[in-house]
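Report on the structure given below.
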Amino acid sequence: MQVLYFAWVRERIGIPREEVETSAKTVMDLIEELRAREERYAAAFADLRALKVAVDQDVTDFDADITGAREIAFFPPMTGG
Amino acid sequence: MQVLYFAWVRERIGIPREEVETSAKTVMDLIEELRAREERYAAAFADLRALKVAVDQDVTDFDADITGAREIAFFPPMTGG
Amino acid sequence: MSVSVQTEDFDIGAEMAALTHGRTDIGAVVSFTGLVRDMGGGRPITAMELEHYPGMTERALSAIVAEAEARWPLQGVRVIHRFGPLAPGAQIVLVLTASPHRQAAFEAAEFIMDYLKTRAPFWKKETGADGGAWVDAREEDDAAEARWAR
Amino acid sequence: MSVSVQTEDFDIGAEMAALTHGRTDIGAVVSFTGLVRDMGGGRPITAMELEHYPGMTERALSAIVAEAEARWPLQGVRVIHRFGPLAPGAQIVLVLTASPHRQAAFEAAEFIMDYLKTRAPFWKKETGADGGAWVDAREEDDAAEARWAR
């Protein structure tokens, strides 16, 4: 699936998006896999209270099912307007 | 003093303004004097709940003192905007 | 002077530009534009005539703007109200409020409109197929003004 | 489509004219314009960069407009949000709401702005003399959104 990063999440991880092969069932499973990869991922996902997630462009919870999802995005709370 | 009429008050009385010689102490005294003049005045001042008064361009009550006032205006509730 | 009472139409783009030109400290501008509707009191309207009280109108509008400026941190306010004959679709009134914060700009614009409705000496006469009729004041407008009491 | 996400600036006069052109049933149009301020978090700002999530942004804004149209009797809604580099004083966002009644137009514009702040995927990075910093979400914005819960 495509995993997207925005704002300081993107800056910490160093890339805006990547294709990830995973058998993770929930967003939290995916986060654990990414954290285990490298220090920059561990840093980006250090404080989940500062993060939001969207599955296929809908904001959801970290325990959401991602089976069959095409696009998972991680970002801080929005600050537009 | 100058007495001004607006909207349907003006239409009922038939003129937009007139100079009135009066020794009325309050707005109510002035209204009684005008009512006694002619039927068109009595008609205009028939229902005071439908009327507002401004003394020297400030909206006030019918028992307001008008001693020394230059300009008294009668009109229905405002409907601008 | 930020208040105008006029027969001429107005241009919201030009008024907005005049309010914000050369400034970088404004965060929010709210506008309200009132238009003549083709229906009034349930019947079709072909024309409207707006009467006002020259002199008192400008005084009343200026007092309302001053009260808004005392209540909210405003960086600019513009009020234009037209009078005379106005066709359906025509612009009647423009209120612009500028502030560092959006909530202040919204509240001040609503406050000015609510007070203008009940305190600025304007009277509308609507003309339909069956002649002209003065618009009645609406109880909702008194209620809208009352919510700002303090 | 009443929602645009773009780098180009916008013209409130032209947008207003497009919304009301040829219509005589609209009584009230409210606009909100958000501008880049020269101060952010207490320090002077020289530039701002607005990042967004292409695709989701348009979806989120359209959902917010649809929710507003379900809650209020609206005759037209227009939302424009810019992204990319923006200088202090630049326009960021425009919301226009048209309704027969002023209260509906005001409430819908406030609702759209409150929801946009917390639900549309935009992120601001402000640059000052000491470098760039991502803007923190504000608790007031969550509170502003919460007042529309039902």
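We just call them A, B, C and D in the order they show up, numbering each chain from 1.
Rule of thumb we're sticking to: contacts are C-beta pairs under 8 Å (C-beta built on N, C-alpha and C of every residue); 3 or more make two chains touch, one makes a residue touch a chain.
Since the structure is predicted, the reported quantities are computational estimates derived from the model, not experimental observations.
Distances between chain centres, each the mean of the C-alpha atoms, put B farthest from chain D.
Chain A and chain D have CA centres that are 26 Å apart.
Chain A and chain C, compared by their mean Cα positions, are separated by 48 Å. Within chain B, the positions touching two or more other chains are listed as 81. Within chain D, residues 34, 102, 113 each touch two or more of the remaining chains.
Looking at which chains touch one another, you get A-D, B-C, C-D.
Chain contact summary for the complex, chain B toward chain C: residues 4, 6-8, 10, 54, 57, 59, 73, 75-81. For chain D in complex with chain C, the residues that touch the partner chain are 11-14, 16, 20, 23-39, 88-89, 100, 102-103, 105-106, 109-110, 113, 144. The touching residues of chain D, when paired with chain A in their complex, are 34, 50-53, 55-56, 59-60, 81, 92-93, 113, 116-125, 134-138.
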